[in-house]
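Both complexes below contain chain A, partnered by chain B and then by chain C.
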Partner chain A sequence: MADLAKMRNEIKKIVQRDDVKYVIGYEKGTYGWRVSPSFARTPEEVDKFIFSPLCVNNLAVYLVLEEKLPLPKGVEEEKKKIGIVVTGCDSRSVVQLLQEKAISRDDVVILGVPCSGVVEPKKMKEMFGKEIGTVAIEDKGEKYVIVIDGKRREVLKEELVSENCKTCEYQNPVISDILIGDEIKEKKKESYSKVRELEEKSTQERWDYWKEKFERCIRCYACRNCCPVCNCKECMAEKTTPVWIRRSVSLSENAGFHIMRSLHTAGRCIGCGSCERVCPMNIPLSKLYKKVEKDVIELFDYRAGLDEEEKPLLSVYSVDDSNEYIL
Partner chain B sequence: MRKDRIGKLVQILSRNTLYAPVERDGVTTFEKVEKVEDIKFDYQNSDVPPKNVLFPQTETTFKYTLGKDQKIEVPKENGKNIILGIRPCDARSFSILDKVFEKDFLDIYYSEKRENTTLIGLSCNEPGINCFCTSLDGGVGNKEGLDMLLTALEDEYFVEVATDKGKAIIENSPDLFSDASDEHAKKKDEINKRAESLMKRRISVEGIEEKLDKIFDDDLWNEVSMKCIGCSVCTYLCPTCHCFDIQDEATLREGRRIRVWDSCSNPEYTLQASGYNPRPARINRVRNRIYHKYEYYPKNFKVIACVGCGRCIDKCSVNMDIVEVLSRVKEI
Partner chain C sequence: MSEFEPNIVAFLCNWCSYAGADLAGTSRIEYPPNVKAIRVMCSGRINPMFIVNALQEGADGVLIGGCHPGDCHYSQGNYYARRKFQIMRKILEYLGIDPARVRMSWVSASEGQKFADVISEVIGDVKKIGPAKNINRI
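Let's look at the complex of A and B:
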């Protein structure tokens, strides 16, 4: 994928800049195949950084997660930049945040890495869940070569790669200050086949499908919290004046939460798949969010997170906009 | 008890409300079952702990109607529950939770269910990759909190009775059970020992309370909390986490008061009506969770509020790892 030594070198240069607070990347996790987000403030800490198909988290969420606490009198806010390692999809998250002015271009130093796909952690767990030793994985095109405790195994890429990555149209970062790795030439196409499967069912069948899934939701909000564009200071799910969604965990409130979140992120979701990845109850959220993504393309010919100068979709109106849904 | 008699046992047990591990879409939870076919026996541990049987995620504490026929109703607990297949760590978590739900005054919602529930445990033949119950006074054959414990041998379950409730199960269906031999007991001990030797995660918690006392302001907490995204997965899936919120759901004429799970990782957990929040940042909240389990709870109840089930490590999407944090605490 990317030359790790070159990446670490570039990141060390960035971390030593006076105007940079820290750089966000990935480091080896605490067991087996896990990988953890990592925050390096010094060149020594950059040596922990890794990059492999196991690096699944969308790090852009950390750009909006850092709390800005009240400062004591006389203390100035430290206006320094944050460096961040992003792949194709993550870079679109950063662009989306720039579009919405959640962050400004001066706040970030972006290290782009062209991406040939990340693994699906749940499948990793199924295949290698019992291995506590460090798992090293290499992308060899059609297959992954996995080395655990010296033992070498090969797995067909399509059995392990994230479903999202199979139809990714943006494998190369759409924005970067520094690009590490070769541009990926292959072009995949998102055909929305899973969404179409559901679209072809009757309304009742579709409701029965989602009813079963939403009943399992435990409202942990992992989906919301891992999402870079879900960054409202007060989420609609937690508002009490008025109550949009009750605190009780039941089908009606769960369905309300998921439908509302998918609409609040309409035209802003870039399809990284983190929400489905982090869900502890295996709710197939990408089917819901891809449906909204498809609708946005069909209705407005718009794709999120591509141009930082563009105005956010639902904050502008054009007379040519589709009106079919208005009676 | 012979393994092939499990179907008959389930049949008899399901005369009560029987909870057992059920798998849906790859996620195992404890649900009401009636047939043995629905039960998943080959699982390491459920993804959601069975704490929701005694401490439901949403529970009505009372209902009311206003107006002329004004009344208040407290839901009545009737019927006996049985949880079959609970692991020793999860069962032990109930004896830890008992202490907080009985302190000062009895929490009737929890304790009534607790009294009416029989726990039939299943010993772990193979620990999970992140299990560390042995580091916390637990064990694969630990009977604390259980009424009965089954250990899977080759063709049989080795059955141990821990309480009168467990004894009642045998007295109810004596033809399913036969006396175990010394051979059986030896085999059970071997299996348990082997399982515990397979546990890779170990941490010594000796002196952890005193250590945590000293390092409240250490930079470690800054480092550790930076990657936390503040969701509630670790707290909801933890068998010993028990924080809750009380909410009212009302329309003009009627309503109900509910108790719902809450999480200290949520920013609004300590948000006060004035708008002030004593735990405004993730560092405060991540640190609090560890302190509550390993310092405050032991100070109040003389037991660490963690059973080492490892679910928080398994399910955290950013690889927050309590065993790793504790080993770093010890190094300071």
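Let's look at the complex of A and C:
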């Protein structure tokens, strides 16, 4: 993990630039160990920035969330850059946004931070009970050193780290203007073991598995709202002309919503795991999106969020695509 | 109890499959009456949500008909469709919805007999796996 003082220094330099509007980073949240996104417009505001394994939010979503009101005639839009602190997976979301022309490269200053995995808030909650006091956490390779209200405790990284981070292949940012901290040499390999495990079951068993999950869904759309690639201004889930998915929360509509979202993110999902993290009903969404990711790699040898010049998966075709399923 | 008769919704492209179905009719080729044809301008126009909605509304199987590769009236629509539905079938299979319910076929305007064969095959397959109940709207 990057040195905090050095990081703040770098960010201060960026905030002071004339062409930069603000920098998005992390600050200490209101309760306990929670971390919330922070927006710094002045160097003083940068002093509250933090960076620790608890910084789980994918900040790339804030690049497209900003509301742009219509301007009066003759008034030019203020063209200023937005700075953003990104880890490996977040940088891939930024590349994905660039690829889809949701943002342009001139509009962002990317501060890359190599990341060796983030803590899963749900596991944290399970381990330490309900919200706890002030927490300092440090990454010591195999272990996390956690200081809670002055008491020191060592926890194996395996037990706390997010599932998606365990098999993350892109720990270093794939795109960055300024890289803070040293690159991570260690390489992990994604084997999709959990997806394969479920694939081997029978059709009925798979349906029983997902049925139980989908019945639980309350369709709060948190998964969609926190997703950096789910940035449509109008979502099909809320359209009324025509109604694609009804408002009622039932197995049928929930399944429809999840099929729709998994298809919409096919070849775009970069596997940050935000959706699963924010799900209040603990639906293993990563297991679904990882499957799509795996299929897309197997079928089309395509990986999302690596090259901003690449064409999106479903807006190109190859005449050599497989014909195996066609009658 | 009488034998299960599946409901099949067929999305047929205007230029090839729909004309193929028409030819099957004018040539008086017999094929099972379980299929409801919906004409779309191109197989690339078919939104995957059409299929989801069809399954929700009580279809037991969905057939997508397009032009042969290279023959698309809009030159490439069927290639896009092929990619889209390949991924979609994989997702449905993973979720436990039998992919045999969502089939795709290339039928040209002169292939009346092939259209009848494809319909029979789809219906035969869906009969084997039984009615679709997974994501039905109640």
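Details
Just so we're on the same page, the second predicted complex is superposed on the first by the 315 of 327 C-alpha atoms of A that agree within 3 Å, B and C clash if a C-alpha of one lies under 4 Å from a C-alpha of the other, contacts with A are read in each partner's own complex, and residues count from 1 in each chain.
We adopt the following convention: a contact is a pair of C-beta atoms (placed from the backbone, for glycine too) under 8 Å apart; a residue touches a chain by one contact, two chains touch by 3 or more.
Note that the structure is a prediction, hence the values are computed from the model and not measured.
For the composite obtained by superposing both complexes on chain A, the positions of chain B and chain C are free of clash and fit together.
Of the two partner chains placed by the overlay, only chain C lies in contact with A:Tyr325; chain B stays clear of it. When both complexes are overlaid on chain A, the residue A:Glu163 reaches neither chain B nor chain C.
Touch criterion met: A:Ser250 reaches chain B and chain C at once. Applying the stated contact rule after C-alpha superposition, one finds that A:Glu100 touches neither chain B nor chain C. Vectors from the Cα centre of chain A to those of chain B and chain C enclose 90° in the overlay, to the nearest 10.
When the two complexes are overlaid on their common chain A, residue A:Asp177 makes contact with neither chain B nor chain C.
In the superposition on chain A, A:Gly129 makes contact with chain B only, while chain C stays out of contact range. No C-alpha atom of chain B lies closer than 10 Å to one of chain C in the superposed arrangement.
Comparing the two complexes, residues 246, 250 of chain A contact chain B in one case and chain C in the other. Against chain A, the residues of chain C that register as touching in their complex are 48-49, 52-53, 56, 69-70, 76, 79-80, 82-99, 103-106, 118, 121-122, 134-138. The touching residues of chain B, when paired with chain A in their complex, are 24-27, 29, 47-48, 57-58, 129-130, 200-201, 223, 226-227, 229-233, 236-237, 245, 247, 249, 258, 260-261, 263, 266, 268, 280-282, 313, 315, 317-319, 321, 323-324. Here chain A touches chain C in the complex through residues 198-199, 203-211, 236, 244, 246, 250-253, 255-256, 258-260, 262-263, 266-267, 288, 291-292, 295-296, 299-300, 313-315, 317-319, 321-323, 325-327, going by the rule given at the top.
Residues 29-32, 34-39, 57, 61-62, 65, 67, 69, 122, 129-132, 213, 216, 218-222, 224-226, 238, 246-250, 274, 277-278, 280-282 of chain A are the ones touching chain B in the complex.
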